[in-house]
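Letters A, B and C name the chains as they come in the text, with residue numbers starting at 1 for each one.
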Amino acid sequence: MSPLPSPSHSKPHSQKEASNEEGADFRHFWIRKVVDRFFQILSILAAIVVISPLLLVFVFLLSSGGSSLTWDFLTQLPKPVGETGGGMANAIVGSCILVAIATVIATPVGVLGGVCVCEYGDARLRAAIRFTADVLNGVPSIIWGIVVYSWVVLRMKTFSGLAGGLALSFIMIPLILRTTEDVIRLVPSAYREAGLALGLRRSQVILHIILATARRGVLTGVLLAAARVAGETAPLLFTAFGNRVWAAHLQEPMAALPLQIFTYAISPYPDWHRQAWAGALVLLGLVFFMSIVVRTLTRDRSR
Amino acid sequence: MSESASDPKRTVSSSAEGADPQRRSSAFQIEDLHVWFGNRAALHGISLNIPVHQVTGIIGPSGCGKSTFLRALNRMHEFIPGARVQGRIRLFGEDIYEASGDPILLRRRVGMVFQKSNPFPTMSIQENVLIGLRLAGTRNRDLLEERLEEALRMAALWSEVKDRLHAPGIELSGGQQQRLCIARALAVRPEVLLMDEPCSALDPIATAQIESLIRDLGQRYSIVLATHNLQEAGRTADCTAFFLEGRLIEFGSTKKLFTNPSQKQTEDYLTGRFT
Amino acid sequence: MNDFQPDPSWEALPLAAETRSLTHSVGIGRILDQGFGFLAVGAGISVLALAALLGWELYQGAEEAIRRYGMGFLVSSHWDPVAGRFGALPFLYGTFVSSAIALLLAFPLSVATALSLTEFAPVRLRRPVLALVDLMAAVPSVVWGLWAMFEMVPWLRQTAFPFLQRFFGWLPFFQGSIYGVSLLAGALVIAMMITPIVTSLAIEILQSVPLTLREAAWALGATRWEVMRVAVLPYVRSSLVGAGVLGLGRALGETMAVTMVIGNRPEIFLSLFAPGYTLASVLVNEFAEATSEEHLSALFEIGLTLVAVTFVVNSLARLLIRSVPFFFAPRPLRTESMETSG
């Protein structure tokens, strides 16, 4: 494609000059332009189609659930079946407790597991752990509900908040492990060497240098995992189970926002439907808030 | 130098260093050092005494085993999978590979500065310098402050950073970062300082500063300086060892080695006839 | 920097050498260090234990059903807990058909969106749209289900399905009575839930193509679409397929939203307007209410089947994605194809 500009051309730098058959090439050029524009428009349309459901969900929840999102809704217990009014206070608090339990269990295990995959153990063990974590990340969340049901609930002979938190933590552990591993791998080995050459112990190098350097990434991973399980319903169905009153302690069935939304949604009562919409609005707000925190964290890092 | 035949049945190293004047004058005594990576030998029987309170330059083309040699001196090779060491290295008379020895203790006595400056990115200048002491358990604030100033002064960085000790270490310029790394290594008061091409990533002005610093530190410390830059070795080292393909070819005072080498290979390398 | 002087006062500082033994043990530090190592390895191994727990509990629960029905469980199409007949075929069928349709819808849209966000869309719009895609991935399943139940399904029943039936009713997939809740509704919800995942994967894959390749094509005078077609897509084809398969893995395990709109009837209909059932949905609906041993055991076997299916699909996806030439050396572009198009 070496251009040989000939003096007869009026616009010596236009694209068509490259060829010998100018007329044909000129037409070809326009076809190419049109094809390019066609695919551009198509892809932008696709992007609009892809994000439109999000906007539809948002508009629906705001218009239908917004009016039910009252102070009572946030602070009251559910009313008995048949009565209107009441709220989801116990479910909102229950969700926070469940996510907190799960985070407290999963963070040390996941982060240390990520450390193990990067820093300890022999190559085969590391590969096995990484592979297993990937497999577990692909397991549908309802399966964890069943596993914890037969492991904990059957043994304790009661549904409980503890079992629910445990089920959520099982989802979080492989997620946190993988993100921790990824961010630790991004820490240049020069820092590790510098620390070791100073006479620091391996654990000191990991805790004070490697994890300190990667702390934002680790925090992001934990928050992402927490945001993910905060919206989970399926693993709680047979573990936390739900509760229409306050749970006195962790060995009792506990209400959770997604569970309550599900129960209300499939119920025949219009008042419950309205409450489900309001609850979904709260849940969506919660999850979006966490996602936005994560986004700001990662944006700061990229700068 | 290389009357190397290592005795397989070694006696436990005597703790009475200082009695023997020969030992007193060497920081490291290296006898018949071999290093393998898997099946490949990187060093073939190096025997060498690193003199105390002098700068010892290690020169040679890349891949000759300079880096490997330095890492064997503070047991940093142990993090490379498949690396093995054979032979005896004594630091002021103590065998550093003795089974009961802890590499952590060794590395507190043998500091290291790397090719690329690597101040810890999340720490301030002050934290960078003091991290080694703090994690070794020093809590005394006065002592920490004293050591901070001492280390930064020794690294000739004090006057430049004394007003911004809490600024992040990575905000400094390249040469300053390298001097910060030197200060970090000095803060734990090592006896030997290993420097692995400390100037190769720096501009000429920063290089000149670091080199003058190395000369000064060399009066108080035993420094082992690996470099592929012959001029740098000529300017800073008191004695120089020439490595080629994992073997020690020649070792002597820098002046002698550069002006009147006894080995043909050394002469070829110094005059650039070597490929 | 030019007034560099080694600080003169350092001469007065003490000598460094202190005699310290190499074998003097720093007991507590060493023990803590080893303890930390054990903790880390223990945490790693606990992931293996978690997988073992999962396999063991599911197998334990399903043992009776496996013994009683054998392979017949997977091919029998009768599911009637009251009569004590358990066959998983309707759920397998519903799971695969809904997921396959979802992927058919989601994959082209996702790749096109990814192209748009890496190449075609105005640069100012890319970040916000990308943020929306990320937010979309964060919407909980139950929220999708809620919206689909109350907004999408009525719309499908009143508008979309009659329209489809009028024009494509001659196809067996669009026949029969319209309830709204249906396989197709489930597929649509799944599609909406997997598009953000496939899209962000596709974006990552497209961005992994070295800039030099694009630049080489640009320098030949290629249009944007030609750059994509000639320089970018051929290099990432198999990883894009891998991203799609990963989306399929997600689709197979989608639970709550599907349960809320698919109709939950354990029968096999050719029509997409008919209600269906999936492996995950039957667990949601029947697990808590299963009273007989064999019913519960059959449900455990359903769970085991679901894990097996997602495992196979996810492994396939990983193999495909791994084959991406993420870091290949710059090589000369094959210019023949450029010249025929230009």
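Here is the rule we use: a contact is a pair of C-beta atoms (placed from the backbone, for glycine too) under 8 Å apart; a residue touches a chain by one contact, two chains touch by 3 or more.
Every value quoted in this text rests on a predicted model; they were computed, and no experiment measured them.
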Interface with the most contact pairs, given as the two chains involved: A-C
Most distant chain from subunit A by Cα centroid: B
Whole-Å separation of chain centres (CA-atom averages), subunit B against subunit C: 51
Separation of mean Cα positions, subunit B and subunit A [Å, integer]: 48
Whole-Å gap between the CA centroids of subunit A and subunit C: 12
Where subunit B touches two or more other chains at once, by residue number: 104-106, 108-109
Shared-contact residues (touching 2 or more other chains) in subunit C: 29-30
Per-residue multi-chain contacts in subunit A, two or more chains: 201, 204
Of all residues in subunit C, those that touch subunit A in their complex: 29-30, 32-33, 36-37, 39-48, 50-51, 53-54, 57-58, 60-61, 108-110, 112-113, 115-117, 119-121, 129, 131-136, 138-147, 149-151, 192, 195-196, 199, 220-221, 223-226, 228, 249, 252-256, 260, 280, 283-284, 287-288, 299-300, 303, 306-307, 310-311, 313-315, 318, 335, 339, 341-342
Partner subunit A, residues of subunit B touching it in the complex: 74, 76, 79, 104-109, 111-112, 114, 116, 118, 120-123, 131-132, 135-136, 181, 184-185, 188, 194
List of subunit A residues in touch with subunit B within their complex: 188, 190-201, 204, 208-209, 212-213, 215
Touch list for subunit A against partner subunit C, complex: 1, 15, 18, 28, 32-33, 35-36, 39-40, 42-47, 49-51, 53-54, 56-57, 60-61, 64, 108-113, 115-117, 119-121, 125-126, 128-129, 132-136, 138-147, 149-151, 170, 173-174, 177, 201-204, 206-207, 227-228, 230-234, 237-238, 258, 261-262, 265-266, 273, 276-277, 280, 283-284, 287-288, 290-291, 295
